[in-house]
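Each chain carries a letter (A, B, C, D and E) given by its place in the written order, and its residues are counted from 1.
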Amino acid sequence: CSTTDTFEQPRPVPDIEASVELEPVWSMSVGDGHDDEYLYLSPLNTGDVLYAASADGTVYAVGADQGKVVWKKTLKDRIFSGVGGDAERLYLTTQEADLVALSREDGAEAWRVELPTEVLSAPQSNGRMVVAQTTDGRVLAFDAATGDKLWRYDGVVPVLSMRAAAAPLVGGDVVIASFSNGKLIALSADSGQPLWQYAVGEPQGRTELERLVDISGQPIVVDTAIMAVGYQGKLALVDVRTGQEIWNRKASSLYSPTIGGGNIYLASANGNVVALRGSDRRELWTQDRLAWRQLTQPVISGDYLVAGDYEGYLHVFSREDGSLQGQLDFDDDGIRVPAQRLENGNLLIYGNGGRMSVLQIQPSE
Amino acid sequence: CSFPGVYKINVQQGNIVTEEEISQLSEGMPRRQVHAVLGTPLLLNPIDTSREYFVYTFQRRGGDIRKQQVVVYYDNDNQLARYETELLAETPAY
Amino acid sequence: CASNQQEEVLPEKTYYENAREAMNSGNFNEAEENLNALETYYPFGRYAEQAQLDLIFARYQNLDLEGSRAAADRFLRLNPQSDHADYALYMRGLASYNLDIGLAARYFPVDVGARDPGEQRQAFRDFSELLNRYPESEYVADARQRMVAIRNRMAELEIFAARYYVKRNAYVAANNRARYVVENFPTTPSVEEALVIMAETFRALELPKDSQDAVALLKKNFPDSNAFNQRGEFQANLLNAESRSLSNVVTFGLIGDD
Amino acid sequence: DEFSVADIEVEGLQRVSAGTVFSALPVNIGEQIDEGDLADALKSLFRTGLFTDIQASRDGNVLIVTVRERPSISSIDIEGNKNIETDMLMDALSGAGLQEGQVFRRATLERLELEILRSYIAQGRYNARVKASAEELPRNRVAIQLDINEGSVAAIQHINIVGNRDFSDEALLDLFELQTSSWWTSLTSADKYARERLSGDLETLRSFYLDRGYLDFNVDSSQVSISPDKQQVFISIALNEGPQYTISEVNLRGDLIVGEEELRKLIPIEEGDVFSRATTTAISEALSFRLGREGYAFANVNAVPEPGEGNTAAVTFFVEPGKRAYVRRINFDGNVSTRDDVLRQEMTQMEGGIASSDRIEFSKTRLERLGFFKSVDVETVPVPGTDDLVDVNYSVEEQPTGSLSASVGFSQDSGVILGVNVSENNFFGSGKRVSFGVNVSDSVKSANVSYLDPYYTVDGVSRGFSLFARETDYEEEDISSYLLDEYGGRLTFGYPTDSVTRLNFGVGYTRSNIKEGVFTSQEVRDFILDEGDSFDNYFLFGSWRRSTLNRGVLPTDGYSHSLNLDVAVPGSDLTFYKATHKTDFYFPVTSTGSWVVRARTELGFGDGYGDRTQMPFYEHFYAGGYGSVRGYEANSLGARATNAENDFSDPDPFGGNLLTEGSLELIFPVPFAGDSRTMRTAFFMDAGQVFDTDRGFDPALNEVRLSAGVGFQWITAVGPLAFSLAKPLNEKPEDETQVFQFSLGQTF
Amino acid sequence: CGLMDDRSEQYVSAQELPPLQLPEGADSSRISQTMPIRDVSVADASKFYPSDLPEPPDMTSEILEENYVVEELDGRAWLLVNDVPGRLWPATNAYMIDRGLGVSVDDPQQGLLQSELLNFSKRARELAELSDDAGADEARLVLQVRMIPGVRRKTTEIQVRRLEAGSEAGTLIPWSQAAAPSDEELAVQKRVLADMADFLKGRDEQKSFSRAASGIVSEPRVKLVSEGEQAVAIRMDLDYGRSWAEMRRALSEAGVDVVDLNRSDGWFHVDFRTEDERDSGWFGWFGDSSEPEHTHTLRLDEAPEVVVVTAAQEANFDGERDAADLLGQLFEYLY
């Protein structure tokens, strides 16, 4: 008889003998976190101060090392995107599609401007201008100080896209926008004119589902190139000036890759964590005991990797062979925001239910 | 009050043709154009297509029937030869 | 999962003989079951064509006219060159012919003529296909006679409406209905009454020439119609304005007419 | 190398006949052929499409053609489909030529897999899987197997509307058919995303704004995204309201036929009103309908807003009357058992005359009022080849009126009712309505014959008579115990005084006699002492009835209002009169007529005159029970009769000469997709009482009994079935109440 | 009674009038037939089915018990095959090659096949049952196969014989009716035919057809002769023995009881009553089933090259079925 469950059935959490533990340095709860909304409210790490927001509109500024609250501000509207920022201000978008700039000192609202449609990814700023990318493929740039509209680029998006979006890379003179039609497009920072475009994924297959090729992880900068990965597409390294492909390898992931120690670590869409050798992209190991558990971007901490999953577990992998070394049931609402490495090597984790803590990997006694 | 009579509906039959439309008829007009002016004739003789009747009758509440008649005669190559009219003052539709 | 229990499959010939026996003894349900079994297990066996043909008959006898028609369609599709296609076509027409006549209408004196012919139009089409493709078939005579009956019924329906419009004093409507019969069903018995109605309505509309034309047509084709009196003059008076006054009705026609 | 063909042999045939192959091969015996001719021959044979591959070989001078027939389909079976029924899939299969016995082509199979997949995607089943496989069978046959895994439907997690200033998200989301998931959506599956439903909702959104003057409204984008686990769907809609326009001026252009002043009456909007597309469309329809009455059935009116400055817009109605239209023929279909003239005599639109949309529509209502048809649809179709003739086609769906019905009824008050009633509305094909019936139950034994010619004249003057004999044992109906035998006859006439009102009158004679039962109540015995026990009464009766109900059975709109008076004229043994007044109003709440408020009232009064001071007790009115005040036992209301001396049971009901009764009903859509044309469910509030001024039981408001509850009615083939659950509200101790009541075979 | 008659039979009395005649000068352009009914010259116009439904035609008579039967009559044997010669020609060719007989020459129009010399192939010798110790002067033998259309439609009769090949095997020796085979020869022929039947049965699945052989279908060997619409006789282009045998088979298959027969005088007395006539009212099922009654007589008259079969109804029998019906019914099972 035909089963009606979906083909992508997540595996149960495997039990392991942990060789390491994740010790919390400090913890706090940021309002009620995502408040059951399917959002990616990634906090902003500026080194000594962390800025985190919750869906019901509260924004916190906390000290990175002890978690001491510097200031707390509650906006009157619901927050829809993660927190972007630059030296002066923080930038985030609301459910009614307003782009709001807050001062980093005290969270006072600097300016606010209306966007055409909702923005899921955190607005990015290079200090002079701030760029927001809407879910229906429009890239808008505003003056960071005043919020005046600079330019706008309308991209093409397919009828059905993934509920995930890559924040634009805002450089000095170029903005890299990654779209849900699988294309990376470089726009001139001054005019917003497209400079070059590179297709990370080509839609094929018969149904709209098979044709999904979103790039939903922000590309990472590697010297003068950028590495991007698309869903049901490729992992590619592209020259940032010309858009020429340096190399590519078949892959499918909703989160950006992580590079470290000459290797590339990727959490694939099917839940496998893969390690590739940077030089020739040969596969070093694959960890497949967490199939279809929607793992977030793996983050390097020492000779371990850490990633969260949809049920709110944190998993510690050995960078050597990918074996599962540690596990922590962190937040019952799940983890959707990727972990972030602080300057002191600790890990910042923000669970869907609003629990935010900084953790350290300790060998278990 | 007087005993109310049996309610009978008005019965209208045939084409409504006005003076102004008849004035547009001219000799030699082909049959199709006559129909364009007066409308399609509702009364025909199955075995004599040389004539067409644009008859109009109106019976108010089951009373006697008032009749108006326009007869159009055609020659053998279907062109209007002559027509006769017998018109009523006004021709209500219902 | 749904594992259909394996009923044991009989040889082809046994199914066919059971079906035949059941049909001869009038048990058409059993016949149908056996024929269906034959179809499923031996779709291309030697008895396949014969089974499909018998199925048409069995279902008809089971009063499942819709099913019989479907079986006929299926036979014609699967055996286009069969030399018994005429039987399938004839049965298809027969099923449509009797589809609407409910049981009551067959026995109770319900005037079938005055109703929507419904599926009989389809029956007419089936029978004419039979006549065109298999003129020598033995069913052609019966099919043709039924076509004549259907056509006559269509003409009767027109006359029925014409009679109503005469009563309603809508003489143009009555005339058109009558003319429709003369023009479209010239060889049906209803033409006689149609001509009488046309003559009378033309007279009521004061168009003597056309009334005479209709009478002439009647004289030529129905010389002894009872619309003529002994001296052969046309004297039907269909349009005696039936009095519709209230007083007349109440007093059963004694007191006059307002 | 050339060779002359001595014989042609065909190998590998199964179902295709040899004749077909030989006729398709342009090669004859004795002919010289070479490679070229051979290739063409094979090509033409291939074009027949009957074979998958064809080879030719030579054996001496014999040309041997080996063919492999395309397999034929022997069986098709489908598994795993729940949301699309198997026979819909089978139709799609046969549409694409994949059917038992047909030739099988692999290409059509793949195309079909895609077709079925797409219809699942349209239902929002994004991860559905369809696998079609063809399994080879001996004798070149193929069995087709279609495995479907419908997968689960992505549920809508969140609909985000951006850019709406003047209306809140909640207000707009209420308009949507699609809803976000919640506990009740699992019932209605409104949270299941489907593309058509989204475009339907966007269309509703557009007309919502256009109907409120937002002429420049536009949906900038509607983006749909799905969660990685493919379980949840997110919809984000960006809209741009634009300004709200008000009307600057209204003008009429074109040939107005009936003059501007007449048409202006039909235009309710004027300068300053907020522009609304719905209103302007309605006005255009009203205008063209008005022209339709003048015979311009092809009239066409459209409203064009021209935005001016200051957010105002001028509205211009362009009127094109087109040609005067005439009706050529009126056709009926679906009336397989109802006679043609029973329908035609209801027509107020004539053939061979001006087509009037008014009359065509009114004739449809008159057909519905007959109560013979479940549904009546009308369609005006232009006659090809002419530009001013139309045919009007009425298609009806007949309702079982039971021309021959042996009904087994049961109602609580009179037990099992066995009845054989034959009513044929065109007896012996004559169009007359004749019925005769025999009904036997514990309390009533009756036989009746009635003859009515509804259309004695073409205008509907009716004439008829009826004879009846009835023996009622009121003890059984737990009314005071006596037996009443009555027989008699009536002569009736009637005629319409206008299109909705009828006047009926007639004369009648009834002979009735009373027999005492076991414990006959005091009042009955007194009456018999005063008046004797058998009477000859001559009646004169008249009734006035007006009805604009839109359907003969289970109406949803309009009202019916009737007043009738029965008088036993001087010369009868008992001179008395009896008058009843009934009203029945239906107010549709929703335009579709699914929610309707109904108000029903009934008043009755009877009294003696001349040398009689009161009406005979056996003609009393009764109240209570199904069809009157539900929740109370039948006929149990009102002052009771006083018991005979040795009768210690509780006194019997005795009715009265003054009846006041009424009920208020809220009719709601039949749950579980019942067919609203033959079923009806309603909450009701009944009120009523029967008083008896002759016995000093004068009308008093606090005596009126109330009840409330829910009722269900269903017109079945056997006859109307009805039941009600009622809760008496202010019953008195001596009242006999009954929560559940039902009846089969009586309409109420 | 009249009131309750089954109204669905009224169509029988539906009238069709002659075309409308118009007075001269009248314009007939508007008169047409919207529902034209084709005129059909019908063999027997009276055949209506007002109340009883026509039974479906019975094709089973064409489905023989066995598709391959070796039959013998008057010293001759043949293999009766339930298929058309066009299909059997290639199959028989294949048989001869398969059995090592080979085909030296053939004539598809005549349906004649002649094998290679039998003497030199061991398998051919076995099949044709040539004795092993034959000396050098053994006669040169070939095997001939002849295919003619069977008596029944869509059937074929295959005959075989061994004969002296004379000088070369290459020339086709015409098939003449010269001598009836000796018993021993007949036995060999029957064995070869049985062997051929098995081989043909094996190839039932895939059919191959020869165009030339399809032409073999000559005139049917049994014809129904009728004057006007009535059947009067059946002509059988068969010898008397074969006709007599075929008539016996047809009578038994048609289920007609033979009361008495005489081969030399050439007649059959048969009982050709209908079902209900046969059980003579309700008394019938009391006694034993009624004795077969001699109602009709069939006569076979031998004329040169043909046998004519006529039928006559007994004087004292006034049942429903007449001689013509008998001939028609028998023909159904003959051809």
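By definition in this document, contacts are C-beta pairs under 8 Å (C-beta built on N, C-alpha and C of every residue); 3 or more make two chains touch, one makes a residue touch a chain.
Computed from a predicted model, the values in this text were never measured in an experiment.
J.: Hop across touching chains from subunit B and tell me the fewest hops that reach subunit D.
T.: 1
J.: Between subunit B and subunit C, which partner chains are common?
T.: Common neighbours, subunit B/subunit C: D, E.
J.: Most C-beta contact pairs, which chains?
T.: Max contact pairs: C-E.
J.: Mind having a look at which chain is the central one, using mean CA positions?
T.: D
J.: Comparing centres built from CA atoms, which chain ends up most distant from subunit E?
T.: A
J.: Averaging only over C-alpha atoms, locate the centres of subunit A and subunit E and give their separation in whole Å.
T.: That pair's centroid distance is 88 Å.
J.: Counting in whole Å, what is the centre-to-centre distance of subunit A and subunit C, each centre being its mean C-alpha position?
T.: 76
J.: Would you kindly tell me how far, in whole Å, the mean C-alpha position of subunit D lies from that of subunit C?
T.: 30
J.: Can you compute the centre-to-centre distance for subunit C and subunit E, using the mean CA position of each chain? Integer Å is fine.
T.: Between these chains, centre-to-centre, one finds 41 Å.
J.: If you look at subunit B, which of its residues touch at least two other chains?
T.: Each of 5-6, 8, 11, 13-14, 42-44, 46-48, 62 in subunit B touches at least two other chains.
J.: Quick one: which residues in subunit A touch 2 or more of the other chains?
T.: Within subunit A, the residues that touch at least two other chains are 1.
J.: Considering subunit D alone, which of its residues make contact with at least two other chains?
T.: 79, 139, 328, 350, 352-353, 457, 459, 461, 495
J.: Which of line, ring, star, complete and other names the graph you get from chains that touch?
T.: Basically it's none of the tidy shapes, so other.
J.: Give the pairs of chains that touch; include all such pairs.
T.: A-D, B-C, B-D, B-E, C-D, C-E, D-E
J.: Subunit E touches which residues of subunit D in the complex?
T.: 6-14, 18, 21-22, 29, 139
J.: Flag every residue of subunit C that touches subunit E in the complex, lowest number first.
T.: 16, 46-47, 49-50, 53-54, 56-57, 60-61, 84, 87, 90, 94, 98, 101, 105-107, 109, 112, 124, 128, 131-132, 135-136, 138-142, 144-152, 154, 182-189, 191, 213, 216-217, 220-221
J.: Within the complex, which stretch of subunit D touches subunit C?
T.: It comes out as residues 15, 17, 74-75, 79, 100-101, 139, 141, 328-329, 332-341, 344-345, 350-353, 403-404, 424, 426, 428-429, 456-459, 461, 463, 493, 495.
J.: Sort out for me which residues of subunit E touch subunit B in the complex.
T.: Contacts found on subunit E: 22-23, 26-31.
J.: Write out the stretch or stretches of subunit B touching subunit D in their complex.
T.: Residues in contact with subunit D: 4-9, 11-16, 35, 39-40, 42-43, 62, 93-94.
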